[in-house]
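In the two complexes below, chain A is the common chain; its partner is chain B in one and chain C in the other.
Showing the complex of A and B:
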């Protein structure tokens, strides 16, 4: 188990380094010189040269990378070429908001998918079970931002029960914080919940055919008792895989949903950075998103081993 | 102790097992033999109340004073694993891969009222009783760390845990290596209370059972003491089955039963075996009844 963890951790570290190189290389390859962007087209060559020296962009790419990546390891994302303010604190602020948004959406997705998926599997021959699977199909076809707009229309415009957008920090007013996040959570969670329902259903259906459930019943468990005690943990192994993939999708989906609901998250920061040609800011945010996805994969791998003893010795 | 009367099993409109009746006395070991598709496993699953979804059983089956058929699941599950238990064919998939072996053995005891601590202790004793080496260590292992034979012993430990009146074994050794098979059979013969042993292997039946039921096409076609049935089979199907399993001199053709088992629901009317029987005549269009005392058979043209 410890060996497995060490290996997974090594994979995480190596892939983070590789991701750093890739992200840096892509940004370096983009046309556009930060100094030119800052000074405009009428700048004198001397002034440009001076600013490049200040930014450090006159140095070789390898030195710039080492500087940037070394800084990242200490939480220093550099100073924006555009606003001259440090990027690290902004990213940290926004990251908290996005993580809250994504995890909240995931919790809602799970709250929907686990009971509905299990129910749909157990009652897969009954009309209600079939109806649940059909409804989840419809859910899959709806993108999160559309769900967001529909939710805003119903709850904010028609019922006027919830704000249509905006974000109040938890420390200012927990109640308003919750009201502001409810619709964004729902718009992410409902769609992901629909997708997840199908996976939970098929995982549980597979498990229901397993011999060890019959063994459990032969011991004297009822149908549901056997499924509860022996089936759900087995069914959760494939579901965890999907959950990991979905968290990554949610992170990307959050970029769009943050726009719809005017939430100051990472996605919002990223889009602002792109609009303002703040290359170093974009680079930092993309790196954070990439590392977040790598971390999710790491957690999924660890979760596998925690769930399934067969994986602990292997790999 | 166990008495089964007119047990029929059907899926939708197809009758898979018809009017099976037999009894097992306390301590008696009865074999149930027949080819695949003859209804052996369904008969056993019906007695356990574990028929697959959409498959139903009718008739009566009583284990001591308990009814086994037409009883609500809530009452049946109190009997399963306590009064009657079952060992299945496939040891590789019958245990939960995510749960330690000891916990899986202990579970069958806690389910029927044993305190958890006592059940854990007894689980190790049971693993020892089914002759697993280092039972304490095995109790902490996961199923994938054990061999097929070891897993089947674990299944046997689970089945025996609550000292049931009846043990049902459905081809428990078919998936095992030949050398392991023999040890497993000896163990079952030694520890089983009353036994219903399902197999298609006649040699296995001969080695551990006292009485045999021969099934074909969902019916019992012949039954009696092992020695009599094997020495003097009366039903033509039993005769064919025995001939096919006998060792033949080198160079001679292996005797077989002509044709193959029809799919469920496609057996002929009258005698179910008549489309494959060399002796079949017009009389066989009427269904023969199982007649005879002790050694009974359902055939219009019995062998001598």
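Showing the complex of A and C:
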């Protein structure tokens, strides 16, 4: 297990470094010189030269990359060429909002998927079980931003019970914070809940066919009792893996949902950065999201190997 | 043998068929010009030759939906095509030489690309080259390569341990010949299933990108952008969000059902398990 962990860790570090090179190289292709963009067309060559030296864009690409990547490792994202403000604190602020959004969505997805999935599996021959299955298939086909628009229509336009968008920090008003986040959480959670319901159902169905469950029933436990004592823990192994992968999907889904609900998260920061041609900002946010996905995959792999020792030799 | 018709497969085929039909018909006929701005017909109610009404520029919703189907299919075909053309050979090579450095390299690169979701790639491409249908298609396609490579690799690994591969090797067949004559035909069905599922994901990605302004550019109709334009009018004219939303959901549902149905249909082992359930 330790050897596996070390190997996976090495892969993670190398992947992160290569991803850094890719993101940096990509952004280096961006037409236009940051100094020219900042000063406009009427700038004197001397002023441009001076600003380039300040930005450090007059140095070779390799040196710029080393600076940027080295800074990232210490949490320093550099200073924006456009707004002249440090990027790190902005990213940290926004990351908190996005993480809140993602975790809330995940909790709702679990609250939906576990009971419905187990029910659909136990009652897989009954009309209601089949109906849950079919409903989850429909839920998968609805993108989170569409769910968001539908929810706004129902709860903000029709019922006028919740705000259609906007974000109030928790420190300002916990009640408004919660009201503002309910619909975004639901948009992310309903869709991922539908996906997860299918996995829970099929995992529980697999477990229900196992001999140990039959043995438990033969010993006099009821169907739900046997499942509760012996089935759910076993069924949770594949579900936990899917859950991890869904975190990555939720993170990207949050970028779009933030746009629907005007929430100042990482996605909002990224899209504003692109619109304002804020190169370093875009680079930094993309890198944060990519590293988050890499980290999630790493944790999923390691967790899976810890739960199922047979997988350790597989790689 | 009695052919058992899978209800999901049929439903999926019908939904996909509808999208394809709408797109094909839009080449020769739409009720109105989908891009024609008509100030007098602003937010026109349904009826009177405008079956689903018109948007804030007076453009006919039904015509936009039909041409939007074309955009959706176009993006899906190109994106899935890119993913299949790049991912399949990589996966087959990795599967045929499971312990070689090439296989290891392919799978590691795969993991890396996996960390760049379509949305991020499209935003990066859009920032550099300007957002549009082309950058969206390339981003979605590249982001889908790992899915194809994984499926192709897993399927190839299964094929490689069969007796007919052993026989082909004993007969002195070269690697490329084995790949084309024996591996590809046998993993084809898995790839078709993957293509259908990937198509659904591509539709979702295109809609999300157009919604964010990183996909199809105006005036070309796109379901995602129709949704984005409708959002500000949600309080006054909610039907503008209803139709493109419904179109996206039904198209994705169609391709998902088609993929699931094909998987059940093409894999006899799965079919038996489903029947038992």
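Here is the rule we go by: the second predicted complex is superposed on the first by the 288 of 315 C-alpha atoms of A that agree within 3 Å, B and C clash if a C-alpha of one lies under 4 Å from a C-alpha of the other, contacts with A are read in each partner's own complex, and residues count from 1 in each chain.
Here, a contact is a pair of C-beta atoms (placed from the backbone, for glycine too) under 8 Å apart; a residue touches a chain by one contact, two chains touch by 3 or more.
Worth saying up front: this structure is predicted, and the values here are computed from it rather than measured.
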item	value
Contacts of A:248 with chain B and chain C, given as first, second, both or neither	second
Partner chain in contact with A:164 - chain B first, chain C second, else both or neither	second
First (chain B), second (chain C), both or neither touched by A:223	first
Partner touching more residues of chain A, whether chain B or chain C	C
Chain B versus chain C as contact partner of A:15, first or second or both or neither	second
Overlap of chain C and chain B interfaces on chain A (superposed complexes)	125
Parts of chain A lying in touch with chain C, wherever the complex brings them together	11, 15, 18-19, 22-23, 26-27, 29-31, 124-125, 137-138, 140-143, 145-146, 149-150, 152-153, 157, 164, 205, 248, 252, 255-256, 259-260, 270-271, 274, 277, 282, 286, 289-290, 293-294, 297
Partner chain A, residues of chain C touching it in the complex	8, 108, 111-112, 114-117, 119-120, 123-124, 126-128, 200, 204, 207-208, 211-212, 227, 230-231, 234-235, 238, 241, 245, 248-250, 252-253, 256-257, 277
Of chain A, residues touching chain B in the complex	125, 210-212, 214-223, 229-230, 233-234, 307-310
Sites on chain B touched by chain A in the complex	48, 50, 53, 73-74, 77-82, 85-86, 88, 90, 93-99, 107-108, 111-112, 142, 144, 155, 158
